[in-house]
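The next part holds the structures, each set out as structure tokens.
Each of the two complexes below includes chain A, the first together with chain B, the second together with chain C.
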Partner chain A sequence: MLGYTIRRILQIIPVLFVISLVVFLMLHMIPGDPVKNMLGINATEEAIEAMRAKLGLDQPLHKQYISFMKGVLKGDLGTSIHTRKPVVQEILDKYPYTLKLAVGGTIVATVFGIIFGIIAAVYHNKFMDNFIMVLSLLSVSTPSFFLSLILMLIFSLYLGWLPSVGVKSWAHYVLPVITLGAQSVGIMARTTRSAMLEVLNQDYIRTSRSRGVPERIIIYSHAFKNALIPIVTVIGLRFGGLLAGSALVETVFAIPGIGRLMVDGVLKRDYPVVQGTILVISATFVIMNLLTDLLYAVVDPRVKYD
Partner chain B sequence: MGGSLLNSQVFKRFKKRKSSLIGGIIILIFVLTALIGPRLCKYDPNAIDLPNKYQNPSLEHWLGTDNLGRDTLTRLVYGARVSLMMSVVSVCIGSFIGVILGVVAGYYGGWIDAVISRFVDLILAFPGLLLAIAVVAVLGPGIPNTMAAIAFYSIPYVARLVRGLVISLKNTEFIQASKVIGSSDLRIIVFHIIPNTMGQIIINVTLSLGTAILTASSLSFLGLGVQPPNPEWGAMLSQAREVIRNTPIAALAPGIAITLVVLSFSLVGDGLRDALDPKLKNS
Partner chain C sequence: MMKKLLAFMLIFTMIFSLAACSKPAENTTDAGEGGTSAQEGPKYKDTIVFAPNTDVQSLDPHVQNDTTSEQVVKMLYNTLLKFDENGNVVGDLAESWEVSEDNKTWTFQLKQGVKFHDGTEMTAEHVKGTYERAMDPANGLVVNEIVKMFEKVEVVDKYTVSITTTEPYGAMTSLMCNVSLAVMDPAYIDKYGMDLGTSAESINGTGPYKIKSWERDVELVLESFDDYYGEKAPTKYIVYRPIPEAAARVIALETGEVDAIQGVPADDVPRLEATEGLSVYKARSVGQRLFRFGCNDSIISNTKVRQALVYAVDRQVIIDSLFDGLAVPSTAPLAPVTWGYANLGEIKQDQEKAKQLLAEAGYPDGFKTKIVTTERYAKGVELAEILAAQFAEIGVEAEIQVMEWSAFVQTISGLTAEEFDEPIFIMGAGPSMMDADGGLRGLYTTTLTGKNDRNYGFYSNKEVDELIDAAMKETDPDKRKELYKRAQEILYLEDPAGIWLFDQLTNLAHSSKLQNVTVSPISTITFEKATILE
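Moving on to the complex of A and B:
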């Protein structure tokens, strides 16, 4: 297991390196002069030159990348053009909000997705199965910002049960977490259902049934454990999706998370903030995928021998 | 003759799945709305009429008016044109590039495959919406750049799908036979390989159209996509959320439109998958 873990950790180093290269090159792919874009049309030539020197854009490309990477490794992602605060500080201030949303959304998606998926598989081709599949399709098709508004309209504005915006208490997170998780519930339910159906059709399940093993034990102990691999994959992939998708939910519920920070950075052309947030979200996604892979080995011991 | 027989069989199988047929009809209605709807509207989608802002539905304004007094139904109809056009064009461009990359990688293998596959892996290393936001961060907001973002977002999925199909196809007997009789690579790719991957590509394009509409409306909702005063469903919803308590219909109408279209594309995609490749049914 240790060897497998070390091998997998080594494998993500080139991926992180290439991500950092792409994020670095983003600034250089912007049509026109990025410094003029940042400072606006009224900026003086001196201010533009000063900013160019500050960002290191007057250096050759390879030197710029080396100094960018040195900064990243030291935890320095530059300074926000807009707030003049270090980008790392901005990210550290806002990341916990997004992390709470993404973790909460993943828990909602996993718990409800697996429950609905198992019910659908057990009642295959019956009313319950069709009903859950229609609901899951609807959840995948509904944009999260629309669902946010519907939930806010019903539970905050009409019923007054939950607060609509802000992050003052745990109650403020209920609607955003449900919204963020809802889309993944459908995906999780579909994945669980098809994984369960595949396992439930195997010979050893038929044998267990013929031996009189109770159906509850067959479903939860025999089938579900073996259906876990695709489910774990989707959980890992969805976490990254939720991190990126949180920008929408954060916008509706006025949560000062990293997604909103990134979008504001794009709107204000605050490129150091945009680069920093994209780098952090992508790196989190890659690390989550690594953890998912390591979890495989726990769920299915065959994986580490491949 | 063979083609029409096949098509009629595909259509018969497609029709059997009622939900997909309903999805197809809904898409047809939205396409017709996008094509001829604007001619039937009596209001200008961008005409500001401040004395009549925040109107609830009435005979004059069936879906009420928005924060600038613009008719919501008219903007919804014009928005259908923008949303559908953006998704269709961008998915087609993305799929076209993806097919080329996938065919080249799968057919030639070796270092070309390695380079293209690493490129695809790299794009997929960025989660969902983040990639589209990154492209808009570089290019700036607006309709063409949003389309570029969506097209770029579609490339890796198509490329990976087609590469897999081509790898399994290129060792089949009919492709080997074609090589033996001296057919050029281009001929084999254009006349044998691509037609045999077309079914999967069509299914993928249909399913991608729904994702494209979701991505485009998400970008516009965040203020990164279609810019005001252009009517686009995501942007309309973003503007309407300020007044959701008093005139909820202004937010509900574009939201329902997005959901319906995305749902319909999923249903049609599932139906096409069953009809074009019955082996995949219930997968």
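Moving on to the complex of A and C:
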């Protein structure tokens, strides 16, 4: 297990290297110039050249990349062109907000998704099953942007129960967490349902039932535990995805998370910010995948890594 | 267990359905935080919460380049001169000023006892240090462009400073009102360099407010400055809480979480105006929306073709369908609030005349062209679509190219005539110095570098060049106005540089309890006199 984990961690290094190279090249290939963006449409060529030199953007591309990678090895992701703050600091400032949203969203999705999935499986092909499946389809297909505004209208404007935007208190996180969670509830419910159905149709369940084992024990002790692997996979993927930030939800609720940082960086062509955030987001995603894989061994003793 | 789960699920579903059916409740959210000032008569809150659409980019007067930053810089800093409510130039940090006989040396007598937020007294050395930073092109600052004619800045004595220009400059007093030339503390310039204005501790101004805290994209808090040399600000704290999404901004205003919002979508204005407890303030601004011509294009370079396109457009249709109540048809290449504006009247759509002009130009069956636009400007794509439809009616087939802002900025300037490929392109215009010099020179005068620079569309008309140059050097206001009037006549219709569509109104939606907010013609919103009733 330890050897496997170390091997997997070492594999992350080339992955991140390739990602950094691709992102660097793509950023410099797309049209747009951070300096023109910063100095505005009326800036003189002279001022643009002077600022470009100051920021080191007049250097050849390969030198810029080597200098960026040298910094990365020392834990320095460069300095934001726009805010003049170290990118590491920017990410550390924004990450707590994204983390809160990701944890909250995952909890909402997991709790409701599993509950709905189990109910649907238990009432397979009955009204409740169909009802939940329609709801889950709605949840997956409702755009987060739309859901955010609807929730705001209802709970902030009409009912006055919750604040609409900002990050001042825990209450500010309720609506964005529900929005993010709602998107995953449907996927979670569907995954749980199909995993449960597969297990519930197996012989040992039928045997247990014929031996008079109570249905509650069959569902939670026998079936659910054995249906966990696909569920854990989806939880891991969704959590990894949420940790990458949700630029849309963060923008609508005015939450300064990592997703917004990255999108703003792209729009302003703030190269160091985009490179830094994508590197961190990719690393998080890869690590989440690794943790999910390791978790398989915990939920299913048959899974062994060596 | 199953029953419990079912019951829970049903309750969950019911909450949503009930919520959707319920009527709007009384607004209970407190708009401000903190207590109230103990005063006789009407009681005021000590905090105003304002939601712009974006966070401040930079609080360095020499670097700031957007309305949100500019309006906060105005609260923190002062300029030597300023515009009063009627648009007249009056002293701000300067007590008085005079110009030499050759109209090249301007001497400013500074007010005494003006304090920076850290307690340092403002003197002529501060003015010199500030302007010399702006004048050095090696610093790569946005402000450098507007101080190009400054030759030297000298300290005459502790409270007197003189600025010598390379040639007489008629718009000098307007320029000295520009917030980009706010007086800074050179000690901070040396200490923070390029990082100046990017954090709360790097800011030291003389303005009515000082910075209390700044967490980027979350909240920026200003606190009134007790030692301010002018009239003290009546409200202790001004909180800027950026909300990027327009619909969310409107909801935050309606719930009372914020007291005022910037950038109200045109569609929401009538509803907000009808909402009890809310008001929408609209004011004339220097801002105009136009589509400029790329005069390097072989077809567009023909004056008659450009005139035809100018006549092809129905401006009222555009305003009614996209900006109802927030725009008025343009009447010149400058808005009425800009000094030097001459009313040339609204250009009405005249398709017959347009077709006739096209025929005279040698294109009786029209031609194919391209309109370049960006979503950065409000309804930029819709504007291009309406224009293309109206061009089609006179036989001109225009393909629309939509560009993301960063890409647009890169393709619009610093190019040669061979490289530039935008026959008709969207543009926002409005001189922040509120003077015709800022609105015309550079933008429509022939470029000398061979690249388009600020004259994005390679417009070139000898008479316009001479008029704008003469007006710049002329210090008699009446003569200057005459020169600008003639220049505008040419730019607007005789040899058009663009299709001027409409003048924009600045809007501010706010709680009716909020009073005395200052909305300037350059669309900045400031709170140095503002109060909010409990």
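Rule of thumb we're sticking to: the second predicted complex is superposed on the first by the 256 of 306 C-alpha atoms of A that agree within 3 Å, B and C clash if a C-alpha of one lies under 4 Å from a C-alpha of the other, contacts with A are read in each partner's own complex, and residues count from 1 in each chain.
Criterion: contacts are C-beta pairs under 8 Å (C-beta built on N, C-alpha and C of every residue); 3 or more make two chains touch, one makes a residue touch a chain.
All values derive from a computational prediction rather than experimental measurement.
By the document's definition of touching, of the two partners only chain C reaches A:F155; chain B does not. Judged by the touch definition given at the top, the superposed model places A:L267 against both chain B and chain C.
Contact with chain B, but none with chain C, is seen for A:F285 once the two complexes are overlaid on the shared chain.
When the two structures are aligned on the shared chain, A:V111 is found in touch with neither chain B nor chain C.
Legend: residue contacts after superposition of the two complexes on their common chain; A:M1 is shown touching neither chain B nor chain C.
By the touch criterion stated above, A:I9 is placed in contact with neither chain B nor chain C.
Of the two partner chains placed around the shared chain by superposition, chain B and chain C are both touched by A:T251.
Of the two partner chains placed by the overlay, only chain B lies in contact with A:F146; chain C stays clear of it. Legend: residue contacts after superposition of the two complexes on their common chain; A:I30 is shown touching both chain B and chain C. Partner contacting the larger number of chain A residues, of chain B and chain C: C. Where the contact sets of chain A with chain B and with chain C meet, they give residues 30-31, 149, 152-153, 157, 251-252, 267. Here chain A touches chain B in the complex through residues 15, 18-19, 22, 26, 29-31, 137-138, 140-146, 149-150, 152-153, 157, 194, 240-241, 243-245, 247-248, 251-252, 262-263, 265-267, 271, 274, 278, 281-282, 285-286, going by the rule given at the top. Interface residues of chain A, counted against chain C in their complex, comprise 30-33, 35-54, 82-85, 93, 115-116, 118-119, 122, 128, 148-149, 152-160, 163-167, 216, 251-254, 256, 260, 267-269. Of all the residues in chain B, the ones that touch chain A in their complex are 121-122, 125-130, 133-134, 136-140, 210, 214, 217-218, 221-224, 234, 237-238, 241, 244-245, 248, 251-252, 255, 258-259, 262-263, 266-267, 283. On chain C, the positions that touch chain A within their shared complex are 1-2, 5-6, 8-9, 16, 19-20, 22-29, 57-58, 63, 65, 137-142, 144-145, 194-195, 198-199, 215-218, 241-245, 247-249, 251-252, 254-255, 257, 404-407, 409-414, 442, 449, 451, 453-454.
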